[in-house]
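You will see subunit A twice below: alongside subunit B first, and alongside subunit C after that.
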Partner chain A sequence: MQLKISKSTYRSILKSLISVALALVVTSVLFILTGANPVLAYYYMFVGAFGNFSLTVETLVRMTPILLVSLGLAVSFKCKVWNIGAEGQLYMGAMVGTIAAVSLGNTPVTLLISIALCILAGMAWAGIPALMKTHLGINEVITTFLMNYVAIYFVQWLIAFPFRSPDTLFPESAQLPAAAILPILVPSTRLHLGVLIAIFLAIPLVYLLMMRSTFGYKLKAVGENPEAAKYGGINIKRTMLMALVISGALAGLAGFFEVSGIQFRMRGSLSPGYGYTGIVVALLGQNNPIGVAISSIFIAAIYNGAFEVSRVLNQPQGIVDFIQGVLIIFVLSSESIMRFLEKKGVIKL
Partner chain B sequence: MIEMALVVGLLAITLRTASPLLLASLGETIAERGGILNLGIEGAMLIGAFSGFLGAYFTGSLVVGFITAIIGGISTVLLFGILVIKVNLDQVVSGLAINLLATGLSLYFFRIAFSQGNFPYLGQLIDPTPIPGLSGIPIIGDILFNQTIFVYIGLLSVPLIYWILFKTSFGLRLRSIGEDPFVASYLGINVERTRFISLIVEGIFVGMAGGLLTISMFNTFDTRIVAARGFVAVSIVILGRWNPWGALAGSLLFGFTQALSLWIGTFLVGPAAPSISQLLSLLPYVVTLLALVVGGRKVRGPASLGSPFAKE
Partner chain C sequence: MPLPLIFSTGIEEGLSKEASFSGGSEIDHFNDYALYVRGISKTFSNGVVANNDVTFGIIKGEVHALLGENGAGKTTLMKMLSGCLKPDRGEIYVNGVKTRISDPRKAVQLGIGMVHQHFTLIPTFTVAENIALVSSSSRKLELKAVEEKVRYVSKSLNFDIDPNTRIEELPVGARQKVEILRLLCQDVSILILDEPTSVLTPLEVEDFFRIIRQLKNDGKSVIIITHKVKEALSISDRITIMRGGKTILTIPSSQTTASELASYVVEGFIPSLKRVPTARGEPTLSVKGLFIKGDRGEMAVKGLDLSVHSGEIVGLAGVTGNGQKELVEALTGLRKVEAGSISLKTCDLANKPPNFVINSGISYIPEDRMRRGVILGMTISENLALKRIDKEPYSKNMLIDKEALDKSAKELISIFGIKASDPCATAGSLSGGNIQKLIVARELTNGPNIVIAEQPTAGLDVKASEAVHQKLLDLKTKGAAILLISADLDEIMKLSDRVLIVFGGKIVGEFSSDALDMEKLSKLMLGSE
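Here is the complex of A and B:
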């Protein structure tokens, strides 16, 4: 197969690279202000993420929920539906999957049923704001965000009271039965089956959905020009509803994989904000499944690398959120920056 | 009479819990009237809370904390303004960017200022200031006139902002920009300048709304301190139909919900009490969503709200 990179693809890649470079430069200022050498900081960040085999595996493990969430968000963002409720959808998926797994116990179908239910839970949780948008005209940004709080507080209540573990002191669920735990692929690492599913199943499926199906075409049409899409006979409401629900499905799956691959219990601290990180990743990847995949490795590396930076250089963890915030601003400005550079003749395509 | 005292207490708490929502939604009302949808309000409140806390902590002065909170609010909203007005970026996504940036900045500098495991708190807080004479009035005095400065500012700003929006030429200019910036610009109104002024005013209000969380309410800082109050304020603006009086009504409703859930919690007894009282923490968010379903359907805001304005 011949890999042909078109000029517009090349330009898109360049745009993302410029955004990343600028974000890293701005973050350097933060390092300098606090007396750390930015070059050293980025070196330790790289070492912390890819320094040896087990660190690299950990980065892939970290990437998995981010990848699943952001693939879903790319679908939603493609038709300009701003789902910022992936965090809540992730928690609801994880919770429902956990309840299913714990209730079923060790049966041959426990894992499959739990996975199916976590996806449904994510879909349902995204479906509520989706219907509020399509049928009542209520801005999904507000509703999806508020529903994060409902989900997280509700889950915290569930694991503190009705589904509290009988054998530990903390508010957490009972341990998943062995049949609901994702198998580990490489002994003495945390590389679980979910990592493979995310890379070899989720990426191709979302790619086919977005790039090779009529639904993908509809997404693009609705996102770019809803008026024209309407005249072209596309059901805009249905497309938006589907897009939001699909992103909920992947967020729900991401949540349950974290329980059944990593934590083995539902906890209130399951996600350090993967639902919000997914927004940055989807935008950095320009809603392209391949771009999103590469971006999620990058962001996962920043997450894990930041531990090393904070350990060696005594830098606070807030750096992870800061880089994401700066990155998102440059991603948004990248088209203007690109045009500016083209006008000045710095970049010629 | 005991029942009466309890109800008075509930209503007094209602005003207190409503005050951050009222200040934030008044600020957002002004911005949205000019066509700017600022979803970065959550982040601006966070920076207000953070800078207010730092100011008060390191100088030992609540007045300084009050001022630094406002400066923090203005700076954050102005950064948002530069992104959406000068660079012409998408308002929704820029708002989200501001929120992430605010979380990162405050988390980062909080850990720079205070080492790990250190939980700083302020020596004193902005407490209720009884208004001489009026606070002695039975019932009403306890509810209305024995409150913090933030409640007074919020309540007095409602008619003030109404007057600015609907009775002054600035308000007329701002509203016409909100309806159609192109027409407004054609008529000689300076769209950029008017919008920036509206955002500075929003910054003042949002800074106060955030600041009161640390220097008057919780006495500590945490990056989760805003807890969606910014987004609740945006919902209140919709429910209040972009009108300051509507914002007051909406804020009181949500303040009441929150006060009620705290209030009920204190009365519960028996083995199920902790469970129910924890579940009640959901109530304000659920009520906001339900209120949007009932009162937010297909409402028409300022026509240009959220859409870009690029002069060619």
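Here is the complex of A and C:
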């Protein structure tokens, strides 16, 4: 396979780069307003993310759940099914995986079964709004979003009462058995097996699914023109259902990897909003698996870099959310910005 | 009624008639014209040169036909005169005064108004409300005054239109009258009508011509955009021919013939259709007692029966909105059947999903090609494989073979003469005519049993239309059963072995193609027999 970058691909890349640049410029204004030098701030952000080996590993660890969630969301967004519920699907996956692992104890199949069940849980939680959409015509944006709250509070209740660890004061689950913990690949870091699975298994699989398979073709057809897709004999409802369920599966997996690779217990604060961050990443990566992968590293670097910025320059941690918010605005308006620049002759393709 | 020869088959050269604008004192010249344009050019943002240095004039009180193929630039030119588009270059003179037409309102102030091919009336408003929307100059809605004016103007033209009827309750022919009324209520003196007869039945066309003559007698100038030569000849005083974005010639109708005009309209040779006599075979498609609901829950098809045999083309004639759309959607699995049966030979097709219908060998060329026939954001080769993506050689084990896709696309592009730079270009980069060629290429290959062709040549130029017609005839020779649904009666008569007339969701009449009674057919189409 030869690598050929077409004009439209080039244009898409440029669009995302412009969005990022504009978001960083707007964030610079915020830095100036809070009395920090923006150049210095971005320098510390970079150092905080990639300054040495262990910081780089930490960024990859941070990237893993974001990558898994956003790869799934890219599948869903490709056929214009707007899954806003990855956060809830992530929590349900993590919870079910944890329950399975704790109940099974140390057996050779504990990890495999837990992974399988966390994926199924994510699929099931996404399957409910999917069926509501295809069979009752209920808008998935509302159902998936509201089901996040149901999932998060349900999980909090589970770890506060039925599955509360007997040996801690906080509402959290019991520690996972050793057999359910993802092996660490480099000693004295947190580089767990899940990171490798996400990079070397999830990216190629999703790429194959979206870019090479007939399912990917159908996803695109349904997203671009459902009327023509139906006319062409594509089962629209099944395609949409599958898309949502696949995104749920990857979110569920992301959740359990956080438990079994990082936290080792199910906690109410498992995710700092990876399910929502995934939306930004999928949009920034324009639903292309490679684009999504690159965007995931970028957002993970901002997450980790922001710690350094707040430590050294005494800036608020909320900078992460600020950049994400600004990014969403620019990504969503990037097509108009691009057209404006083309009209003015600033960009010629 | 004999069919007149519409197009000659050769080019008649050496005709000495030149465009009548050359020479003479120019200022005097303008004063003879109600409207005169010079050097008008328009290039669209997608690079299409729609008008290139066009010169055109209309005399006060004449009926002027603007004749040309689809895509010749007729509509673009008229949209610039009615303020809907802005020319890149060129001058416009109204009654000898140089002017700029910035928007439709300005055009109406200058006395120029246009009836678009797709009507611009609001269906849920009444006639008077629609007219008040554009004609009242103050902020206050003076509905009573408008009603009075509508009644007055309507009466003067012998229109039987109640200003308080809602548009959606009116048939298409009456809506067109409302469009004309709307212009007259705004005191327009130059009326531009874009393909006005394309929505009318033959009887309605006669009535329409009467209206045009009366408008002329009232001193109005009328420009009729048309691609039909005989129509231009029968109604207009003068004819201007456009081709490839240029005005080729202006000529008085009395000094020309249909074949001469046709030779100017179309550049190059048009192959005549090759008909091979085909024996009618077994019934392939049969529909019995079909009931289908329309979009608003009303019963749109009420007990319809029809059959199409192999080796035969059946034309379904009828005014739009008599259940054709619902019938076609039910046949192709896109709409639910309430009662009745659809069978392909012995296989039941009613309420089967589209995929099942496709796999049974039913091809469908949809009327709404942009919305249904093609996915603009996907590539040409992907679009050509739309209905067969799950089959070899396009895919194996759920993985797409991109090379097979492109190879087959390249073949179809050359066979069907699709003007495309690259099979990997998006379908959205093609022109409307080439998009239709793409759809036809997809639907008419792979030996379909049944072809359902819905307005298959609407918007195509003469050569492309002939190619589609030839392809349909070839398939018929090979034993396919073809159901042709068209608003263009000429097309139906040209191709069909049998003509069925649909009215009110039922088949109300049947003619063999060699025993057509046009008057009876028209009456059946209007439900008056």
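We adopt the following convention: the second predicted complex is superposed on the first by the 347 of 349 C-alpha atoms of A that agree within 3 Å, B and C clash if a C-alpha of one lies under 4 Å from a C-alpha of the other, contacts with A are read in each partner's own complex, and residues count from 1 in each chain.
Keep this in mind: a contact is a pair of C-beta atoms (placed from the backbone, for glycine too) under 8 Å apart; a residue touches a chain by one contact, two chains touch by 3 or more.
Remember, it's a predicted structure, so these values are computed and weren't measured experimentally.
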Could you tell me whether subunit B and subunit C fit or clash when both sit on subunit A in the superposition? fit
Which partner chains sit in contact with A:Ser6 here, subunit B, subunit C, both or neither? Use first/second/both/neither. second
Which of subunit B and subunit C A:Ala221 touches, first, second, both or neither: second
When the two structures are overlaid on chain A, which partner does A:Gly233 contact: first (subunit B), second (subunit C), both, or neither? second
Counting residues of subunit A in contact, which comes out ahead: subunit B or subunit C? B
Per the contact definition in the header, classify A:Trp82: touching subunit B only (first), subunit C only (second), both, or neither. first
After superposition on the shared chain, which partner residues are touched by A:Leu283: those of subunit B (first), subunit C (second), both, or neither? first
First, second, both or neither for A:Leu332, with subunit B first and subunit C second: first
If you stack the two complexes on chain A, which partner ends up touching A:Leu146: first (subunit B), second (subunit C), both, or neither? first
With both complexes placed on chain A, how many Å separate the closest C-alpha atoms of subunit B and subunit C? 5
Residue set of subunit A touching subunit C in the complex reads 6, 8, 208, 212-218, 220-221, 224-225, 227-235
Of all residues in subunit C, those that touch subunit A in their complex: 332, 334, 353-355, 357-359, 364, 366, 371-378, 382, 386-387, 389-390, 395, 398-400, 402, 424, 426
Along subunit B, where are the residues that touch subunit A in the complex? 39, 83, 87-90, 92-94, 96-112, 227-228, 231-232, 234-235, 238, 275, 278-279, 281-282, 285-286, 288-289, 292-293, 296-299
Subunit A contacts subunit B in the complex at 30, 34, 82, 84, 132, 136-139, 141-143, 145-150, 153-154, 156-157, 160-161, 276, 279-280, 283, 316-326, 328-329, 332-333, 336
